[in-house]
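Some structures are shown below for you to check.
Presented sequentially are two complexes of subunit A, the first with subunit B as partner and the second with subunit C.
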Partner chain A sequence: MNKAWFYLAPTLLFIFLLVLVPLVTGISYAFYDFDLISGTKEFVGFDQFKRILSEDEIFTMSLVNTLFWTSSSLFFQFTFGFALALILNSGFKGIKFIQPLLFVPWAVPSFLIGLMWVWMFNPVTGPLPYIFEAIGLMDAPENILSDPDHAMWGPITANVWYGIPFFTIMLLAALKSIPGEIYEAASIDGVTRFQAFRYITVPLIAPTIIITLLIRAIWISNFAEIIIVMTGGGPANSTQIVSTYIYDTAYQKMDFGYASVLSIALLFMLMLYGLTLGRIRRKMISYV
Partner chain B sequence: MIKAAMIFVIVVLGYALSQAMSDKDHDPNNLLIVEVNTSPERTKLLRGQLDSFEAANPGMTVDVISLSWGQAFEKIAMMVAGGKAPDVVEMPDFWLSRYVSAGQIADMTPYINEDDFDDDLEADTFDYGSINETLYTIPYGYYLRALIYNKKLFAEAGIEKPPLTLDDFYNTAAKLSELPGVSGFCHHGGRGGPVFFYWIMTTMNGNVDFFDEAGNSTFYNQGAIDGLTLIRDIYKNGYAPKDSVNWGLNETVSGFYSGTCAMLHLTPDSLAALNTRMDPDDFASTPMPLGPSGKSFPHLGYIGWSVMEQSTKKAAAFKLVEHLLERENHKQWAELSGLVPIYKEILEDIFDEDGIGAGWLKTTQDDRWSYMINPNYLPEIAEFDSITVVQSGQAMMLGEKTPEETAKMWADFLTAAQKKYIAENENPENESKANE
Partner chain C sequence: MKITKNAFLAGFLIFTLFPVFWMLKISLTPDRLLFTEGIVMWPSRITFDHYYAVLLEGSFPDYFINSFIVSFTTAAMVTIIAALAGYALSRFDFKGKTIIITLLLITQMFPIVMVIAPIYNVLTFINLVDSLAGLILVYTAFNLPFACFLMQTFFDGIPIELEEAAMIDGCTRLQALEKVTLPLCLPGIGATLGFVFTAAWSELLFALMFINRQSQMTFPAGIMNFVTKFSVDWGQMAAAMILALIPVCLFFAYIQRFIVQGLTAGSLKG
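Entry: the complex of A and B
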């Protein structure tokens, strides 16, 4: 017993120093009125938690926006990413040239992505408003980023473009790992293509699907750069998500204490989500 | 054993490195300057001026760190919090109070005084950089606002001269908007845009002050509410592009040169972007329109050089600041940046009465125009300017809040900040100053 702890000690020490200490320090800020520039810290207990629960309209608004931002981005990233993985897995001609190109968006820095799409959506410099007008989505070529009802779709589009390769890479790897013999055996049994997809492909890559969805959802909900660059949370807070709100609070208002309270709220929601999905994952694996 | 040895080596190297860095930190002949509003040309000019400083002070060396504007605020905050503050830092007006109230900016008064500068220095230069009568920064140029207009579109709409009063401004915007595909005014509704609201509110109030004697904000005065209503109506009636509600500087400039909108509230440093895109004969500048009182209060912002309190080489650092602001250097600086220079004669050299600078020149010379300075001494001003007014101003333009509600909200915010400031300082610096 003692020996076991001895062997574990270096690992535990590392976890303690690299994970727990920063985490606890960060959380402790929530109980202080903390100003970074002057370094003043005043203990205020749970005051800032009361503020988030009772008086902060923007937080509630950004919570709803976060849900919308995460679920829409995730849905389209996954759908397109999966479709692309299936196409690439079919092994058509010329795939060697196309495949590397498809992964380019993943390598572009997010600030650059934001800037690129800002200009794409701008009617003076970009083609998108005219395309939207031509296909009847808009009455006139206007900038979607300035319309509070639809502005969120701007960053979502950029984020989908950016995130598709991630799903493609992960799911393609999973698809390739399914032994060909299973499909062979199934085709001898007279299985249709759809049945093979439904009863072989999907169950076998289900663990990958779940884990990628879980990771991406957490990344996306924490992913503030694109929104900060494209809309700055505007117009009128219509694209403010919790993580951009945290950024504004910490680095524009320099209110680290309250930013920490907001971060804790986000952390709890993501943990809850992670636990739920982890449970679903275990269930799905037991089916296979 | 090997692992233990490696760890030992890493620890020793790390220690040596940190020692080496702190040695440089304590090298009395090495200064560190941080610039935040960079461009490659400007960094080159700055480097050249630092080289001449090094040449004039043998043995001294100066290192530059260039931060990109978007991340500069938090990066400097981190440097300061980590005890690695630079000696000289480029300090925008709206950051100043945050750093001063935190005790991070050195008092310049013992080192620099007005007599060290030429006589034609803009009279209020030292006041602008002072909080509570203490000098913390010296501006290296002024971001003064004037109105740019598209002469071609004006001619097409049959308008002979640029608007002189706010009524003219409204009517001109309306008339220009009758042209197909053109809006009258390029509204700057995103970050950086709030000074337009402050201008229209103070100008309609007929009073440049943000506060009355008791510390109550003037933003809830009837004039201010009327001012907000005016710009809201310009937007609501379609005299400004619909998407301008969230436009940043780049969008307003591209809106202007593409002919989407015909009038623009601009600082002179942005003219360079227009000059490369437009024929210089097609646009001109004019002072900001006058309010009902016959006066107008265009916003004047500035960025200056400050010395950090943490610096151990203050005397040398102040000498460097003086060097950068010295006449010849300042002239090069003003020519490159396009900003309104702090020496009046240089201003007249650069801003020509017949050229694009006419609007600025007139603003500085005619009594009907006085500068409006934000209450930069309030630590809350950065938050107010970059978040509160942007988001709630957009809500007002979009019709989610009335101008009156919006004015009330802003006034409440400012009044609270001002009263807190008065309570903390027995002798508060008084509001904004005019350039009479």
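Entry: the complex of A and C
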């Protein structure tokens, strides 16, 4: 018996009892139909899996919403995060004081972020509807969160606010790890600053960029708290993503069986994505 | 070039700080003025009444104390357990290491909502449902994987030769770990403590689902309860939110430079 197991035992015990056992139990729920009134469950095999494939329009809708939520959040988080990392990396007066301020959103609990932005978008408590009206985005100061056509932009804004520092921190670390000598040599050879950025900086941090983007996508698509707090998936399911739909099915409709089917579908898609990700990663390592 | 840069920087600062400033403003606005003055940048008069109310009346002081107990105990337990596991992952080679690492990674992938009901059953079984102790155990389990990886990275950064030297001088492995490696690892231990504390301090879903008694509620669950059950008292809520932000922000301000340094060191090595 290797001594390592002695050090690992407490961790494994916790994870076995409170993560793995519940996970397996959760998966088994997919094969049962829960009856709320009698409090019993009946084994129904794969019956509930048929429902997701044939007759669940909300699921299809939530899949589309998940893609929109994940890609939009990711696009803006990354673009702004990268810009900010470049600014911080170039240095300026007062950076010691300003940098921690810019990272504040990362420390704010996600439910507070949701509440805070609900207030910002609410015409009774927040300024945003009036700003939107002033710049011509809205005819009257209304709450964007109650407009089914645009409600998703509410949680996306909150998520972008929250996620920029993550990308800034990761990319700043990558930028700082590029040895300064490379740039010195390049400038002696007469390379312009833009060329240095295009042909030195970008290729060197490309692996960090790609891996961070791909891993972050998994995390964002699972991230339900902001949406639950801000819109609860409404109005008319317009902000329902798969993970909020699972939450709704389990804890509003108390349909644990079907919620588990939905979870398995989501897990399956994420695993497929993860496998592709692993491939890309291996390829990239063999290049570098 | 410089003007563009400064303009961007100012834009980022406004976008980042404005919502927090707005919450602070609402928390200081007297109730009467909140609606009569409409949307203004700063009220004509400020008050600390909402802070007094949150700190001294109602259940918020209990929520704060509960959140502190839960977050602190979780952070301490996770750090101790993860230090052991991280040490094993960093210093030993053994059969099944890859399986353990894969297992730890998988726990990060599935939707949390999937396990809430089953965990509820586990907690009922060990009679810890609706109690802070039960919540602490669940938080510990869910924070362990990331903390293990974090501790492993820190141990990887400490030369194994130091320990070997101590063992040649007559220390046992555990003594070498305690007297040589752990002290060198203190920044890492601090970071892990802080991360787990922040995560537990912010967690909402488990707390909402596992705790029903008012007296056992943590701060996030309490504040959500406040939102849904009572007619909204904007000022008091804003004050409660600002107070909840203080501990995490203080910690983060302290730790953020260290994070960038740590990541840089890691990427240089890799």
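What we mean here is this: the second predicted complex is superposed on the first by the 243 of 288 C-alpha atoms of A that agree within 3 Å, B and C clash if a C-alpha of one lies under 4 Å from a C-alpha of the other, contacts with A are read in each partner's own complex, and residues count from 1 in each chain.
Note that in this section a residue touches a chain if its C-beta (ideal position, glycine included) is under 8 Å from a C-beta of that chain, and two chains touch if they have at least 3 such contacts.
Note that the structure is a prediction, hence the values are computed from the model and not measured.
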Touching partner for A:Ala185 - first (subunit B), second (subunit C), both, neither: neither
Touching partner for A:Thr231 - first (subunit B), second (subunit C), both, neither: first
Which superposed partner A:Tyr251 touches (first subunit B, second subunit C, both, neither): both
Which superposed partner A:Thr125 touches (first subunit B, second subunit C, both, neither): both
Superposed model, subunit A: greater residue contact from subunit B or subunit C: C
Partner chain in contact with A:Ala134 - subunit B first, subunit C second, else both or neither: neither
Touched partner set for A:Leu272, first subunit B, second subunit C, both or neither: neither
Contacts of A:Lys176 with subunit B and subunit C, given as first, second, both or neither: second
Which of subunit B and subunit C A:Pro148 touches, first, second, both or neither: first
Residues of subunit A that lie at the interface with subunit B and also at the interface with subunit C: 124-125, 250-251
Subunit A residues within the subunit B interface of the complex: 35-40, 122-125, 142-143, 145-148, 151, 231-237, 240, 248, 250-254
Residue ranges of subunit B in contact with subunit A within the complex: 73-74, 77-78, 80-81, 98-99, 101-104, 189-191, 242-248, 251, 254-255, 258, 260, 382-383, 386-387, 390-392, 394-395, 398, 400
Interfacial residue positions of subunit A with respect to subunit C in the complex: 2-5, 7-8, 10-12, 14-15, 17-23, 25-27, 29, 80, 83-84, 87, 90, 92, 98-112, 115-117, 119-120, 124-127, 130, 161, 164, 169-170, 172-174, 176-177, 208, 218, 222, 224-225, 229, 243, 246-247, 250-251, 256, 259-260, 263, 266-267, 270-271, 274
Footprint of subunit A on subunit C - complex, ascending: 5-6, 8-9, 12-13, 15-17, 19-20, 22-23, 26, 34-35, 39, 81-82, 84-85, 87-89, 92, 94-95, 97, 100, 103-104, 107, 109-119, 121-122, 137-138, 140-142, 144-145, 148, 173, 198, 201-205, 209, 220, 223-224, 227, 234, 237-238, 241, 244-245, 248-249, 251-253, 256-257, 259-260, 263-264, 266-268
